[in-house]
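Have a look at this one.
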Amino acid sequence: MQFTARDIAALLGGRLEGDPDHAVTTIAKIEEAHQGALSFIANPKYEQYAQTAPAGILLIGESLAVSNDKVCAIIRVKDPYAAFTTLLELYQQVMASGQKQGIQQPSHIGAGSKHGDGLFLGAFAYIGDNVTIGTNVRIYPSAFIGDGVTIGDNTTIHAGAKVYEGCRIGKDCTIHAGVVIGGDGFGFAPLADGTFKKVPQLGIVEIGDRVEIGANTVIDRATMGATVVRDGVKLDNLIHIAHNVEVGDNTVIAAQTGISGSTRIGKQVMIGGQVGIVGHIRIADGVKINAQSGVSKSIETEGRAVTGSPACDFREHYKGLAHIKLIPELMKRIAELEKRLG
Amino acid sequence: MQFTARDIAALLGGRLEGDPDHAVTTIAKIEEAHQGALSFIANPKYEQYAQTAPAGILLIGESLAVSNDKVCAIIRVKDPYAAFTTLLELYQQVMASGQKQGIQQPSHIGAGSKHGDGLFLGAFAYIGDNVTIGTNVRIYPSAFIGDGVTIGDNTTIHAGAKVYEGCRIGKDCTIHAGVVIGGDGFGFAPLADGTFKKVPQLGIVEIGDRVEIGANTVIDRATMGATVVRDGVKLDNLIHIAHNVEVGDNTVIAAQTGISGSTRIGKQVMIGGQVGIVGHIRIADGVKINAQSGVSKSIETEGRAVTGSPACDFREHYKGLAHIKLIPELMKRIAELEKRLG
Amino acid sequence: MQFTARDIAALLGGRLEGDPDHAVTTIAKIEEAHQGALSFIANPKYEQYAQTAPAGILLIGESLAVSNDKVCAIIRVKDPYAAFTTLLELYQQVMASGQKQGIQQPSHIGAGSKHGDGLFLGAFAYIGDNVTIGTNVRIYPSAFIGDGVTIGDNTTIHAGAKVYEGCRIGKDCTIHAGVVIGGDGFGFAPLADGTFKKVPQLGIVEIGDRVEIGANTVIDRATMGATVVRDGVKLDNLIHIAHNVEVGDNTVIAAQTGISGSTRIGKQVMIGGQVGIVGHIRIADGVKINAQSGVSKSIETEGRAVTGSPACDFREHYKGLAHIKLIPELMKRIAELEKRLG
């Protein structure tokens, strides 16, 4: 598929310089620009490339001076990053329009299950009994949807993702490959003989709308009630969410973080990668938790930023690290004082 | 399915107050009580709910006074938690009796494989050649059981779990979705040219009886011999167990912990989440390792509790943290002394 | 399959003592030696076993004295470890020659896809459209290979691994069960209303030759361009590689490590388990990063070894830990000085 500089400039309402008929087929980072691709510069750090990059089409701001005869066409806009994002979306829509449709065989749809229009069901995908699926849902090969699950409109379940029985997934969600939703929570009661007795896990997992869940992330079902991931939450890869956890609206969690049972995370919280959070605590709205932190107590103050294990305010944490480095000097000063006192 | 207060009271040997014919269909946490559900109070922290919760049936101790007209029926027992656990189990048994049976098609059973009565084999599940499967085993869709694997009675293998060739799984185990058992251990010999040569991994994984393994956890096969997970072990989600590790009876390990090659973990050890343990060491019986610890040396003392990275006794660890906070005061006192000495 | 001491001695060019007709069927660690197996001793730490182990065949160095009537045959070579590795490889080749061949049914091969000779395609495996597969490729049950993927000669894709559309995998690779290659990078732009807008992830993942990827590891596709894992890289289990990361030739990464977006790792870097590396930094060739470290800045010096979080040189890190332990003594000395000064 080809797009000319003229077409793209018109689409973005940009000012065109150079060859209006120059055509590109893809998008490339400015560091990897080539004449068959459109590249953009929004960050001043990359402006140097404007003079050297062999770009097919260069999308830039209104005032950046360019003297580079390897650029075939320039499109100038007010906000190059916003314009670029618009382009990316259009590109993706064009790509999406070519997506597979229909129900591939063999696949399994259990008794009493129903689905809206526009379903893509890949070969070897399994839909249990009494499942309810909205319109325009895409379920890739070898995905497993347990009995009684509900999936909202426009949601995509990638290859080999598994949703245990009874769980509910909202609209416009993307569940990546290998995700497991609704496995048993880790609940065992110690017995007198040193063995453990399983506490039945009878609850479900409830995923809101516009949630994205990264590959191989795991969300356990509740003991009773529901483990809840609310609207707009974004989870990266290989995250662990234990039973009865609640994650508030638009919270973002980076890869390999783990949240223990019954902890309640507020709205618009940002959690870095490899963070550990103990069970049965509360994290207030807007809190920011730095990567690799260990959070062992509730954080009640909205918007607070913490780091370290045990997690504390950034300033306190880095002061502690700086103080450790002062110890050799303190030792010297004490020795000096002792010498003077004889 | 409906249960009346009269039936449940009889079942638990409890004393009934209120409407004996009030019926419920499910169980709910006391904070989420509603008139269609049974809720219980065992922990004094929750006793306040007894006066306000709109519970269908309220299961409580013998002496808790309740004045709450939104509760339809009360069942009083000596030990509400034990009674509740009994109920949970009965509930699960009733649910389980409705489970799917038989062999769904298409599925694959290789040459020479045999299985006992009561097998459930989901669609798209794959059983290799010469596999031995006990009675009442449940293997969910898209699970992979390699050649020569053995699976004991009453074991459940959830959707998309994979067991490589030759591995052995005991009785009464639950292997959750996405678990991988028996992938190659991470063994590579460095060569003079900077590349690495794979060390063939010829051993297996042996899982005992009554083991539960959480979603997407990974247990590598041994280089030679076996990686061993003994009876009653409970593993949470996303755990890494390397080649030739041994995990002793009834040890419990929380999510995202990793154990490096050839380390031997004793019996009834409790390991928190996100712990890292180096290879080739030994952890004695009954040791407790706190979340996010890094264990770099053997722990020889039974029952010892450690924390931190490198892990040490709790007291020592928290003393170290407290001491760091004293440094500014020490600095002040030294400055004062220096001033006084001129 | 049986091998006699005579045959093995001839194969290895070793000197034979004892019964040349004694036959074994397997290999065992010296601690687990039995008469049906060959065991070896290369490390002096294990030489004590030479006098006690009931080995069928004992493979040892030229000078180790053995007086042990439970050993049936001894084979002496110059370098027992090298000889043993040779044996392991032969053993694996013999085992491999018995591997499954052909295309099991049902499986799915999409339009326009082609493959070389020697393909093994397991039941329920899915090959999308326009996929290109080299010779002697092995794809196990329930694996998912998206549209337009390329897979080089002699590569093995284990059960349930998933490769999203457009990604490229080189020759002689081993991709273990549950691996996910090419899921969307974690890119979301914050909007004014507190929600996040997905940044389309249009790039791919490129895996070089001779790469091994451990079970349930995840490698995200680039936003644009490619996430690159170069020749000879070895990745352990449950690793997270974010979008646009580059991992250089022959770098080795242990389990549960996470690398954030756009970071570039050099050649022959060694990274321990549970390490976290922030995004947009550079790690020089030959760097060594200790387990559980947190790397927050570029490491520019080749071959540097770091540990801790934030990561620093080993010496500095351990000095800091040692200094903390000196604080109580410093407190005592200051108190003493204060007392003397009245």
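Order of writing sets the chain letters: A, B and C. Residues in each chain are counted from 1.
Rule of thumb we're sticking to: contacts are C-beta pairs under 8 Å (C-beta built on N, C-alpha and C of every residue); 3 or more make two chains touch, one makes a residue touch a chain.
Computed from a predicted model, the values in this text were never measured in an experiment.
Chemist: Tell me the rotation angle, 0 to 180 degrees, that brings the C-alpha atoms of chain B onto chain C, to the nearest 5.
Modeler: In short, 120 degrees.
Chemist: Can we say the copies chain A and chain B touch using the same residue numbers, with more than half in common, or are the two sides different?
Modeler: Since fewer than half of the residue numbers are used by both chains, the interface counts as different.
Chemist: How far is the middle of chain A from the middle of chain B, if each middle is the mean of its Cα atoms, in Å?
Modeler: 26
Chemist: Which chain C residues reach two or more other chains?
Modeler: Residue numbers touching two or more other chains: 106, 124, 142, 160, 178, 216, 238, 256, 274, 324, 327, 330, 334, 337, 341.
Chemist: Taking the touch rule as given, give the residues of chain C at its contact with chain A in the complex, in rising order.
Modeler: Touching chain A from chain C are residues 106, 108, 124, 126, 142, 144, 146, 160, 162, 164, 178, 180, 183-184, 186, 188-189, 194-200, 202, 216, 218, 220, 224-225, 238, 240, 242, 256, 258, 260, 274, 276, 278, 294, 309-310, 320, 323-324, 326-327, 330, 333-334, 337, 340-341.
Chemist: Note which residues of chain A are touching chain C in the complex, please.
Modeler: 27-29, 32, 85, 88-89, 91-92, 104, 106, 122-124, 140-142, 158-160, 174, 176-178, 210, 212, 214-216, 232, 234, 236-238, 249-250, 252, 254-256, 267-268, 273-274, 291-292, 321, 324-325, 327-328, 330-331, 334, 337-338, 341
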